Structure formats: structure tokens, C-alpha cells
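Here come two complexes built around chain A, the first alongside chain B, the second alongside chain C.
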Partner chain A sequence: MAPEQRPAGPQATAEPALEVRELRAGYGRITGIDGISLTVAPGELVALLGANGAGKSTFLRAISGMIRAWSGSVLFHGKEVTGQRSDRLVRSGMAHVPEGRRVLPTLTVEENLRLGAFTRRRSGDVDADLASVLTRFGPLRERRNQKAGTLSGGEQQMLSIGRALMARPTILLLDEPSLGLSPRLVGEVFALIRDLASEGLTILLVEQNVKQGLGCADRGYLLSTGSVVMTGSAQELLANPKVIDSYLGGRGQEV
Partner chain B sequence: MLIQQLVNGLLLGTTFALIALSFNLVVGALDRLNFALGETAMVSAICGALFLSQLDVPFVLAFLAALVVGALIAGITFLLSFRFVSADYHTAPILSSLGVGLVLTSLVTRVLGSDQRRVPTVLKDVRIEVGPLRIVGDQLIILVVAALMTVLLYIFLNRTAWGMAIRGVSDDSDMTGLLGVPVQRVILLTFVISGTLAGASGLLTGLSFHTVSPFTGFETTLTALMVIVLGGLGNITGGVVAALMIGVIETLTVAYLSATYRDLIVFLLVGITLVARPQGLFTRNTGVVGRV
Partner chain C sequence: MDAYTEAVVIRLGIAILLALGYWITAATGKFSFGHAAFMAIGAYTAAILTVNFEWSLATSMLISGLTAAVAGAFIGWIALRLSILYLAIITFAFAEIVKILLDSWDYVGGASGLFGMRGTTVELVAMCIGVVIVYLFFLARSRKGLSYEAIREDEQAARACGLGVTGISVEAFAVSAAITGVAGALSAHETLIITPSQFGAPQSLLIILFVVLGGVQYFWGAIVGAVVLTMLPIWFDFLDNYYQITYGLLFVVLMILRPQGIIGRSTERRFNLGALKKLASSRNGAGRDG
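Presenting the complex of A and B:
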């Protein structure tokens, strides 16, 4: 492996939780991502940023086995997992909360959460985890016997993140968790993500909202038309004039 | 004897309900119809009848044999017509499963002959009489077994991890996979359960007429289609209600009009439903029409 320039820090020497090398994937003949490399250290919160259509979701889908990668490789805690089925990846500790929330609408809130623990269904502590998720997400507790399809957008987002936590993942792939939510709820979702990160969960966050995304991340990757165009620590990126010009609405301007 | 006809109709309806459940489970899992389920029911019934007449085993054993045969055939149908058939061709599983049905019918007629098989009476001495109403022992068996299987299915779907997985796959299979559920195994399980229900329906129908013919497979499929269209495609509860309705309507038509009008009236009813309420009588989901 070629020596790679990584930002110096406490995790710089640790084996990455997730390492993606030159991943290419797409739909039909249309290339979605064209050779993306990325690492996420254990406990790190990495944001993958870019405009609509930059390939962010495709990237996550190719990692979590929803679509087949054309080439490149994915290493999860040093183990090659390229092209592995989603359910195996969940078993080894990867949870993917896809774009658009995707709660199972005809199942109740509790059933959605319990299904999130499908891989651990024979371990005795599912009930305890259910209780702790319902404590963390108060509004879900009141609606635990309600069909998930009847929840509001914010509640569905909470449910889909809570459901992913039920698998006790070591890494969480979050795809646009703030999409379609009111500004107040967006704030809540990002606060939640920060909490999860501070509890030691490794997170790869995909966001269109560069400011919010970098606001809570340790490092960021900027994507444009399927390739990484810039990477660095969150502070570096937020201070970079190019980032300010193209993603944050120009110098001195508020978004 | 209206009350007697109503009861007979409901009893006929319970066997329809089982086969409708069988079809609806597969619709839920894959948004596809398994057109071989009628023949699956027929083969299971013939096997059950042979067990009863040739080996003289108790009905319970013959019934279990029918369930196993149904489960096996449905599992094999899944692998042959669905699992490895490209999802890009929506008609491929339809034609392929129709083909499996044809093969099953000719296999049975080649190997076992085209004779009708007798299903002997099981409970000879049991009968319930309430005023003019009379229910014989075998009708009781049909009622109890069909009800028991329906209740067990509900419990399984609502109370177990695999049952919830089946409902999850029915809602959104990709998402359910992302939760760690092995989707293809869940679909195989759904087919196996659906085959079990088809087998039960086959032998119970045989028991109610005391005969099983190797040529009723496709007829069963047609009846099931009528029921699930009426009840709403993929709507499990709607299917059960529609099955009881069609059972009653068929029985009343035969009793008060003529047997020749039986299918005509049911088809008319379904035709009207398709025009007026294409989502089925008991479904609110209007997007369901485009699913098959």
C-alpha cells in the first residue's frame, strides 16, 4: 500500500474502521462514482459532502451492498467486504440509514425497531436496547404501537436512526438525515448525530448541507460528479475560500 | 334452507381463504403471482388422498403429508420460476410459474393416471344439528383446521422475528435487507408457507367433496385470483373476507339459481369490482393496481 497522507491526530496510526479504495459504481451504463477513496478512523465522524447528483448516495449504496461495485474495494476493520450482502454487513457491525428514511410503513414503531435487531434476535438484551432507544427518542415511545407510516417526517427520521442503532453497529452510514425536515428538526437531528459521535460511534455522514455537515464532523470529503475534489479537516474545509465560494454562498454571506 | 346454505357457503369459503392467503403471501413478498399454486394444491391433495386410500393412515398424517408436499413444490417453484429468473422481465415469472403448473398436472396424470381420487369420510359419527341446520364431522374438520391455520399464520406474522421479516420484505425489501434480514431466505420461507397453505386448501377441498381430480389445478388458481382481486391484492384480511363472500355467493347461486351461473356471477362481481374499486373492496391503498 502506498504511503498515504493522513491528517495527524490521535487516530492517525489506528487501523481505519472503514477504508474504501478507488470505488467505482453506477446504474446501467451511467457512472455514479468514479474511483472514490476514503477512510474513516474508529470513533471519527466523517462528512461526505456535495451537491445533488455528486454520487454521495451511490457511494453509500455500493459500500453497504445495495448495489454492486464495478471495481475498487471496501475494507471494514481491515477485512475485505466488497460486494458483500447487506445482511452480512449488518451482522459484522455496519448499519446504513438510507436517504428518505424508509421506515416500514405497515409495521408498528416497535416492530420496526425490533426488526432492526433481527441479527441479534436470539440475544437476550433486545428488550433493554428497545427501552433505551425509546428513552432516547421520547416521541417514539408514545407511538410505539402506531404504524410507522403514520409518523411525521421528523419522527420517521428518528425511527430510522433508532432502528439502525438496534443492530448495535460499530459504524453508522447516514444518508442525508436532514432531508425534508424543518430547520428546527434539522438542528435536532444534527445534535443527535453529535451525541452519537461523542458516545464513540463511528459515523460516515452524507450531506448536501455543507455547513451543517462540516459543523459536526471531524473531517470532510467534498464530492463533485463522482470524484473527491477536496478533503481535509472540518476546520480547514470551512476556512477554505473555494469551499466558501462554491458551497457556502460566497465570502461573508450567510447561508 | 337459507341458513344451511349460508353455512355451507362459509365452509366452502374457508378453503378459498386458505388458497387466497397462499397467493397473497407471495404477492406481498415479491409483488408477483405464483400461478403454480393451484396445481400445487392439487398435487398435495392427490398425495394426501393416496396416503388415505392406499396406506390407510390417519387423516392427520395424510394432512401433514399434503402440507409437506405443498411446501416442497412451492419452494422448488420459487427457485425455478422466481429466484433465478431476471427481475427485468416482469412477465417471466408469470409464464414460468404457469409452466410449472402445466408440468405438475401432466406429471400427476402420467405417473398416477388421470383418475379422480377418493377422499374417504374422516369423522363418520360426528354431526351437529341445531334446528334445521346440520353440520357433519368433516365440515367441522375443515372449519377447525382452516381457522387454526389462519390464526397460526396471523400469530406467526405478527409475533415472531421471521414473521415480521416477511412483513418487512413485503413493505420494502431493500430496506429490510439493510436491517440485516436475509431477504432471499425470507422470500423462500414465504413461498414455503404459501405452499403449505395451498396444500392444506387442496386436501380440505378434497375432503369437502370427497374426491380429488388432477385437472382442478388451474380452476383453483382462477378462484384464488377472483378472491384476491375482490379482497385487494396482497391484502391478507381482505382476502379472507372476500373468500368467505365468494364461498357464500357460489353456494347460494348453485342452490337457488343454477350451477351453470356459478362462475358467471362470480366473474361478473369481480368485473364490476375491477371497474368500480380496482384496489379491491377492502383496501384503501390505491397504488396497489400497478403492482403485478
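Presenting the complex of A and C:
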């Protein structure tokens, strides 16, 4: 046998953090996603991009056990987890930040964050993580005992991400974090996502905003009506005339 | 305490126990429409044990609670993984089935009922309420209490937090059924005769009204609801035939003025304009799901 070689860079690791094969899912008889395959290497930030109704949220929900997949498989760190219950997946390190923030409005900021750590038992560790999340998100610290419903949209998005971090995930599934935020806040949220990725967290990001999404991702998948139409590194995609034409408002070459 | 006061106090206590029991499942946002079935299961279990086997009432009540909990866990396990509409239908049907089975079961006297129970005491009722209140007091401050509120407010968000929503709801439902079963046992030893018809839909509805009237936000809201609904018929006795009408009107007015119940903050947005507006705007945004 050849001596073990440690390749440089996270993407070269043998086993992907998340591997999805030919996943199909939908609601009732309506197909949402029609055979999507995708891989995310450990430490990688992958963006899944597409317009409204392309099936992005359905895809994330089928991965995280919120809805049942029709067919296909999901492998999490090489282990088959297709159709597993969402609470088991959170326990094994997959946290989903749902679309539209979904904080619990009648609970306080701190209670929301503590719920994020519901699957964990060691209360000492939870306290430490609570402190670190509150340090990361300054505005939340000041509003610690305030009801989450009284926060601004941006703060709610921060809380929603902070709550997911409380589960100590190895992978974060982010569903449309820029939705309904002002351009300045969108910038802040993406800066935060980049920070998390640079700290080594694996992230699968679903975005409608192709420019912002590719701007912070390592790799991207472009989705249209339930299937992947294009994939590649973020730079490749950003330079691709077709992408510029159909997603970034033109000024690319005619194809 | 004279016999009349004692009877009123015991009846009030049983109503409070029923309300508190129901509150536990309502706290997870799951409304049962057949809780009278668990009351019946508790009542018949205890009555069989005390009358036919001469067990003490206290021991029989424990068995009543256990039996009702098992039934509750079973029904919850079937119904709570589905939408709350299915829960309503399944619990309602379950209560009807229990009633029909009791009606045709000769061992417990069929439709003519079961009797021979000796009375219960104010102390026993008070003790049960005490135990339940202590439980709820600690529940409200615990992780579990927080998870109930999360499930009630937003099930999807609760799932995203890693809460095993179905498991938690089934557990709450079983505990709720257990308390209702104990209340049924006490009630059987207060009325001294039990018939299946006592445990029909009107009884289920009454239990729901205790909690809806009091408000689901805090458990003591359920106590207030139970006290008001038990005392109203006594206070409004002079209204005679007009009682039902007055009672109905009172309810309508209350639901308009305080949709969150007598107890509870008005920030709770249910059945009011804010909720409707929210619904309308989410309709407009429908299909945005990418």
C-alpha cells in the first residue's frame, strides 16, 4: 500500500460531509425537485441558486427530514440518513435555518437560543455556547430578555442562525437568509456566513440572490424548475456568460 | 362544611383537575375533542376496583391514571403524527367508541350504569390538585415547558431546533389523559353512579371550554376557566330557562373581547384582525417557496 498522503485543502478529503444522490421530493402530486445530486465537502461553502419556485427550499427540507423524500438518497458523513427524523439529524450535527427566519416570537431571545441546544444535555457547555453566540451577535446580547417577536428582521435572522449554531452543527443548511432584508443587512448576513465558513463550518446555502450567493460561496449549483442546470466553482459561474445573461441581468455575450 | 358546600367544593375540584389535565395537551397546541373518554376509562377502572375488588380509592385512582395514560399514549401515537384536524376526528371517534363499548358491556351494567361506590373526600381531591399544580409549576420553568411552547407556537421551527415534536406531544397527551383519568375516578366516587352517557360529547366540550375560556398561555388560566364554568350555573340559577341563552351570549362576548381567554396577555394573536391580516399577506406570498 502506498503511504498515506494528506492532501492539502478541505475539498480534497475523501468523504464528503454531505452527498445527495438523485433526490426527488414534492408536495402531493406536485414535483418540487426532480433528481438533484449534490456534494458538499467538509469545510466547504456551497450555494444552491435559483429563482422562486425552482425547488430550493423543498430540497433543503427533504435533506433535513422536514418532508419525506420520494426517492434518492442523502449521505451525511458517509452515513445513509435518507428519511431520518429531523430531531435525529440535528442530534447528529445537521442544523437547518428555515426560510423566513421562524424565530419563536413569544419566547425571549435567550429562550430561543436555549431551544437550539435542546438536543444537548451538558448544561455547562450550553451556557458557554450561549455566551459565545451572544458575543458574536452583539445586538442580541442587549436584547437577551426581550421577546423575539419584537426584534427587527435582521436581528431575527441573526437569532435564527444563532439558534442553529447552539446545536453545535457540523453542517449548516441555510434557507434564503437574505429574504426580506434591506441591502445593508443582506451584506451583514453574508459577511457573517463567510466568517462561519472561514472558521471551518460546512455550509449549504440556498439563495435566490445569485450574485450575493456566488460572491461568498466556494462552489455553486444553479437550479431551474427542479433540476440542476449548471454547476462549477463560484468564479467559473460568475464568469459564465449564460449565468450573467440569465441571472445577473445581462451584459454577457450572446450564446 | 355542610354536605351541600362539600359537594360543590368536590365538583369544583374535579373540574379544576379536568381543566389542568386538558391544559397540558393544549399547551403543545394539540386539542382533543374526546377527553371525556379518558375520564370514562378512569371512572370505570376505579369503580370496578373499588366496588368489585374492594380496593381503596387512592390505589384505584393510581391504576385509573395509568390505564388512561396508556390509552392516551396509544391514541396520541396514532393521531399526533397527523395534522390537528385528524387529531380532532380521531379523538372524537375514540370517545364515541369507548361510550358504545361501555354501553354494551354487561359487566359494568351497560347503559344502566355502574353503582355501589362509596364517596370521596375533599382532602383526596385537594391532594390531587396539589400534586398536579406542583408538577405544572416545575414544568413551566423547565426545558420541557419551553419545548411545549415552541411546539404550540411554530411546529416547523421547533423541528428545526431538533425537538422530537411527535414524541414530546405524545408524552404530553399521555400525561394529560392520566390526569383526566384520575379526575374521572374521583368523579365516579362523587356522583356514586356512572353511566356511559355521562361521558359523551357534551362532557368533552365542557373540558375544552374550561381551557379555552381561561386561556392556554398559563396553566392557572385553566383553573379560572374551570371555576367560572362550574360556578356560573349555580350563580345564574335564578335565570331559570334563560340560563342557556345568557351563558351562550356571555361566551360570544368574551371571545370577541378577550380571544386569548380570561387569563393571558393580549399580545397573543389569535382569531383577531392581526391574525387575519397576517393570513392574507401570507396568501399573497404563497408560491414563494423555492
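In this section, the second predicted complex is superposed on the first by the 237 of 255 C-alpha atoms of A that agree within 3 Å, B and C clash if a C-alpha of one lies under 4 Å from a C-alpha of the other, contacts with A are read in each partner's own complex, and residues count from 1 in each chain.
Simple rule for what comes next: a residue touches a chain if its C-beta (ideal position, glycine included) is under 8 Å from a C-beta of that chain, and two chains touch if they have at least 3 such contacts.
Being a predicted model, the structure only gives us computed values, none of them experimental.
J.: Under the superposition described at the top, does placing chain B and chain C together on chain A give a clash or a fit?
T.: The answer is clash.
J.: Let me test your reading of the model: by the given contact rule, A:S57 touches which partner, first (chain B), second (chain C), both or neither?
T.: Second partner only, chain C.
J.: State whether chain B or chain C is in contact with more residues of chain A in the superposed arrangement.
T.: Touched residues of chain A are more numerous for C.
J.: Looking at the overlay, what does A:E176 touch: chain B (first), chain C (second), both, or neither?
T.: second
J.: After lining up the shared chain so the two structures overlap, which partner does A:Q208 touch, if you call chain B first and chain C second: first, second, both or neither?
T.: In the superposition, A:Q208 contacts chain C only.
J.: Thinking of the overlay built on chain A, is A:G72 touched by chain B (first), by chain C (second), by both, or by neither?
T.: Neither partner.
J.: A:R163 contacts which: chain B (first), chain C (second), both, neither?
T.: Touch partners of A:R163: chain B and chain C.
J.: Taking the superposition as given, does A:E99 touch the first partner, chain B, the second, chain C, both, or neither?
T.: In the superposed model, A:E99 contacts chain C only, not chain B.
J.: With the two complexes superposed on chain A, say which partner A:L115 touches: chain B (first), chain C (second), both, or neither.
T.: both
J.: Once the two complexes are overlaid on A, one stretch of chain B runs into chain C. Is it 3-11, 111-119 or 129-137?
T.: That would be 111-119, the one stretch with clashes.
J.: For chain A, which residues belong to both interfaces, chain B and chain C?
T.: In chain A, positions 64-66, 85-87, 90-91, 95-96, 98, 102, 104-107, 111, 114-116, 118-119, 163-164, 167 sit in both the chain B and chain C interfaces.
J.: Looking at the complex, which residues from chain A come into contact with chain C?
T.: Touch residues, chain A against chain C: 50-58, 64-66, 85-87, 89-91, 95-99, 102-107, 111, 114-116, 118-119, 147, 149, 163-164, 167, 176, 206, 208.
J.: Could you pull out which chain C residues touch chain A in their complex?
T.: The touching residues are 143, 146-147, 149-150, 153-154, 156-165, 167, 267-268, 287-290.
J.: Considering the complex alone, what residue numbers of chain B touch chain A?
T.: 161, 164-165, 167-168, 170-172, 174-183
J.: Can you check the complex and tell me which residues of chain A touch chain B?
T.: 64-66, 85-87, 90-91, 95-96, 98, 102, 104-107, 111, 114-116, 118-119, 121, 163-164, 167
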